[in-house]
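Chain nomenclature is as follows: A, B and C, assigned in order of appearance, with residue numbering initiated at 1 for each chain independently.
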Amino acid sequence: MGLSTLSRRMLVVGGLLVAALPLGARAQAPAYPTRPITLVVPFAAGGSTDVVGRLVAQKMSEILGQQVVVENVVGAGGNVGAARVAKAEPDGYTILMGTVATHALNPLILKRKPYDPITDFSPVALLAVVPNVLVVNPNLPAKNVQELVALLKAEPSRYNYASSGVGTPLHLSGELFKSLADVKMQHIPYRGSGPALNDVVAGQVPIQFDNLPSASEFIKAGSLRALAVTTKERAPSFPDVPTIAESGIPAYETYTWNALFAPPKTPKPIIDALNAAAVKALADPGLAERMKGFSAKLTPSTPEALAEHVKSEIAKWTPVVKEAGIQAD
Amino acid sequence: MDAPLDGTSSRRGPVRAPQSLVAGLGLIGLGVFGIWAGSDLDYGSLRAIGPGLMPFWLSIGVGLCGLALAIAGFTHDGAPLQSFTFRGPVVITLAIIAFAVTIRPFALGGITTPGLGLIVAGPLAIIIAGYAGTEARFIELLTLALFLTAGCMLLFGDMLNLPIPIFPTAVVQAMTGVLPARTMLRLAAGAMALVGLGLLVVQRRSGRREPIEVARHSLTT
Amino acid sequence: MADLFSNLGLGFSVALGLQNIALCFLGCLVGTLIGVLPGVGPIATIAMLLPITFGLDPVGALIMLAGIYYGAQYGGSTTAILVNIPGEATSVVTTLDGHQMARQGKAGIALGTAAIASFFAGTVATLLIAALGAPLTKLALIFGPAEYFALMVMGLAFAVVLAHGSVLKAVAMILVGVLFAAVGTDLETGQERMTFGFAFLTDGVDFSVLAMGLFGIAEILRNLDQTEARDVVRERIGRLLPGLAELRQAAPATLRGTAIGAILGILPGNGAVLGPFAAYTIEKKIAKDPSRFGRGAIEGVAGPESANNAGAQTAFIPLLTLGIPPNAVMALMVGAMTIHGIIPGPGVMTKSPDLFWGMIASMWIGNLMLLIINLPLVGVWVRLLKVPYRLMFPAILMFCSVGIYSINSLPTDVMLIGFFGLMGYLLIKFGFEPAPLLLGFVLGKLMEEYLRRSLTLSRGDPMVFLERPVSAVLFIIAFAILAAALLPSLRKSRDEVFTEA
């Protein structure tokens, strides 16, 4: 009798304990996420990757019911942050905002590779594609891509073009343009696109490849002339600006992309949960509106599609990097 | 501070300004080191200056300044060498290293230190650093460490939300889902402040109340 | 003119809204706090607070973030004066005379002068932005790489004047500073320079790391050395606020500092960094008795502090009118604006006048608040000096470590402050001053970048620096400053070039 009361009491107390601690250490089965997730943005706060990261992180926080905290881990063109995630615990609490730089260009450029873009990550979802744009100072006589090519061919050693730095997608956009159009321009690297824009607006450097978002206000104000966007299709925010492909260089296509990656060997359920949250976040009309104002095209995808995307990007950039002769240690 | 070697000019030997001489030799060393460190870099041309050009000429410049200083050490009268103490530099360096390797997991060679967070790294740094001075008392430093760490936890972790690990990684994992991180932080900070207060009371009781020494450090001298 | 008033009217109607006033106050308070704490800078704080501002409307968010920024500039001078640690490149100069004043028991006067000079400069700069913001952007476009290079060379010439000891040692320190700046990944080629294969050096040395080490830690080491000497002088704390005579002495310096800082702040290539140095140089050059500088001259606090604050304000001009961020904090503001759906650029002023003018009006309100927050605090800060040093230095050490760690989350950065601390200690022992080294470091990076860019653009023709009028003028000024600094000491006696003056 006493025994049974005791055991019943124990059952009740035990049940209460379990109810009170549903997420306790022992009940570890489902319910990812149970604590804040760190989204590593491998570039400085305020840049376009950071902005995309923060917008998506905010929506994902609402959807997952746990804070997605953006941490800017800056350094070595994005490699420091990417390498940190590649080595992080595959528990879904550290994820990376990857870009074309961290997952295609840097691994090609660097001699000493801190990680492998394919085997050292579990892809989650492609998020957005941001077009690049070819802009010139309004005083440059070229009104379109053909005229620019003619100008560059007439005086091969005269013109310079600015980009946001060596080995950035914008520098390589310029190099790809040089090789496909068979022209010569001197590359002038800057510390980010802000200072480069300043010198192009002021006419110190006549030509620049830039992200469409950061150049857009200058194009609208007429202080820069947009000759063409670098994507296959025209940008919805600038329907009158042609593409480079339709201006006589059909093979030309570059863009900057952002995608979520998790550490290697992250369990499938966690990847799926993150993917679902990311895709749902991108479907949010408020977010879509913000991203449109930012000239970014949303591209929600499956993890498998992102894996394919990374492979095709690496294939695309390998010859360009080789031809441009960029190598760093 | 140290007994100044007055009348340096009348000293034996050719060195008339030992400080200049040693400083100059140090700069020459730095210059040579700079040239060596940058020797693998391309100098480029005027049209496309390579990464090695500036470091090379800067090192030369540093070396020349050093040479001039060293020569001045023989030709001009100047300051003597100052005395060094080792306790301060050694203990302070230890304190800084202690903080750096405990704040978060840190791999050194094959050994990885456990990430212990601010709650351990902070007091560790304060208490070790305290012994750099000659008047260190453990209880006093411990009290200071408790108050300051609690304050820093609230300030950096709670208010400013800076990404600083507060608790040991193992504790964070064990407590996941049991207690929200913020609550845990506040509780811990509160507890530390309470212990600190307790220690203060004990110190008062023990009667060893030293008079507060006003203006005894260089900030007001 | 009528336009200006109606615009400012709009601005004040926005900025004086209850919520915006509260946000402005909050920003200033947080800014002061992180400015005072050694090592914690506005960059880390603003980056962390960005998500919190998501819920606010863009005007309020930017008002708060701007408050943090200039609040930190205010707070930074407090640390520079009290404990000789410059939190930002712009407060390096304040340590020279401000900390000397504190040592002479005039900490309160130094802090008060800094606050009042900053307030004055902030007021003038706000008016300047409101009245001339748009036309002034033209200045930004005159400055190409060649002009910036000339500007940086001029800045290094200032650094020679900064030193109050041997000129030769100052030159050596500047060169070492520029050499340190070269460590890291080369901008033009992406090659690693002098990193010895250490991953933590690939992005170079962070300014705060160098400053915390050379000033913060080295200062602790030096003070620990002087145990016996410390209790010799027992100075009283002295008056808390500057008196009329002191203010009169500081006033002209404040005026000049404001003008210099405001003009340099407009340049988008981080010209604001030079403001305090330029102001200090001018004060020292025109003073009847230049030897007072470096020994607690009040002009040496008022001039640089006003230049610093004026520059911090006018740095918003390139951001608001061109959309070009002149420094890392402003780059964060660009991010904040973008997140709120405002693309910074020439269109901001016409498309969102409430944001533009609201922010400008809030800057003046913020400056007033900072004065109100800071003047009563002067007493508190000065009382901090009464804390026994045996407790003070472990606290400083911990704050430095936490602050440095918070910037990049790198334990190696914390170790580096120890390394630079030892180095700073050695430098002091051998009679070198750390300030010129730090200035060389700040300007060195920019200088090399602009030199190489201008030579690439001119296809290797060095005449470009003399053919362009602005650059030529700047070079002539730099040369004149150098000549003025070097010649008298050469003429007086060669001994003084080599040994302490």
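In the analysis below, a residue touches a chain if its C-beta (ideal position, glycine included) is under 8 Å from a C-beta of that chain, and two chains touch if they have at least 3 such contacts.
Just so it is clear, the structure is predicted and the values come from calculations on it, not from any experiment.
Asker: For the pairs A-B and A-C, output the one whose chains share more C-beta pairs in contact.
Answerer: Contact tally favours A-C.
Asker: Centre of all protein Cα atoms: which chain's centre is nearest to it?
Answerer: The chain sitting closest to the overall C-alpha centre is C.
Asker: Starting from the mean Cα coordinates of subunit B and subunit C, work out the distance between those two points in Å.
Answerer: 23
Asker: Distance from the CA centroid of subunit A to that of subunit B, rounded to the nearest Å?
Answerer: About 38 Å, centre to centre.
Asker: In whole angstrom, what separates the CA-based centres of subunit A and subunit C?
Answerer: 33
Asker: Note the residues in subunit C that touch 2 or more other chains, in rising order.
Answerer: Within subunit C, residues 188-189, 191, 409, 456, 459 contact more than one other chain.
Asker: Two-or-more-chain contact residues of subunit B, please, as numbers and ranges.
Answerer: If we look for residues of subunit B contacting two or more partner chains, we find 163.
Asker: Which subunit A residues reach two or more other chains?
Answerer: 69, 71
Asker: Mind pulling up the subunit A residues that touch subunit C in the complex?
Answerer: By the definition above, subunit A touches subunit C via 44-48, 50-51, 54-55, 57-58, 69-77, 80, 109, 157, 160, 165-167, 186, 188-189, 191-192, 194-195, 197-199, 201-205, 213-214, 216-218, 220-221, 223, 289-290, 293-294, 326, 328-329.
Asker: Across the complex, what residues on subunit B touch subunit A?
Answerer: 163, 174, 176-178, 181
Asker: Quick check on the complex: what are the subunit C residues that touch subunit A?
Answerer: My answer: residues 43, 46-47, 50-51, 54, 140-145, 185, 187-192, 199, 202-203, 268-269, 318, 322-325, 328, 331-336, 338-339, 341, 343-348, 408-409, 449, 453, 456-457, 459.
Asker: Quick check: in the complex, which residue numbers of subunit B touch subunit C?
Answerer: So the residues of subunit B in touch with subunit C come to 1, 17, 19-20, 22-23, 26-27, 30, 34, 37-38, 41-42, 45-52, 54-55, 58-59, 61-62, 65-66, 68-69, 72, 76-79, 82, 84-85, 87-89, 92-93, 95-97, 99-101, 103-104, 106, 118, 121-122, 125-127, 129-130, 132-136, 140-141, 144-145, 148-149, 152, 155-156, 160-164, 212-221.
Asker: Could you list, by residue number, the parts of subunit A that touch subunit B in their complex?
Answerer: 21, 23-25, 34-36, 69, 71
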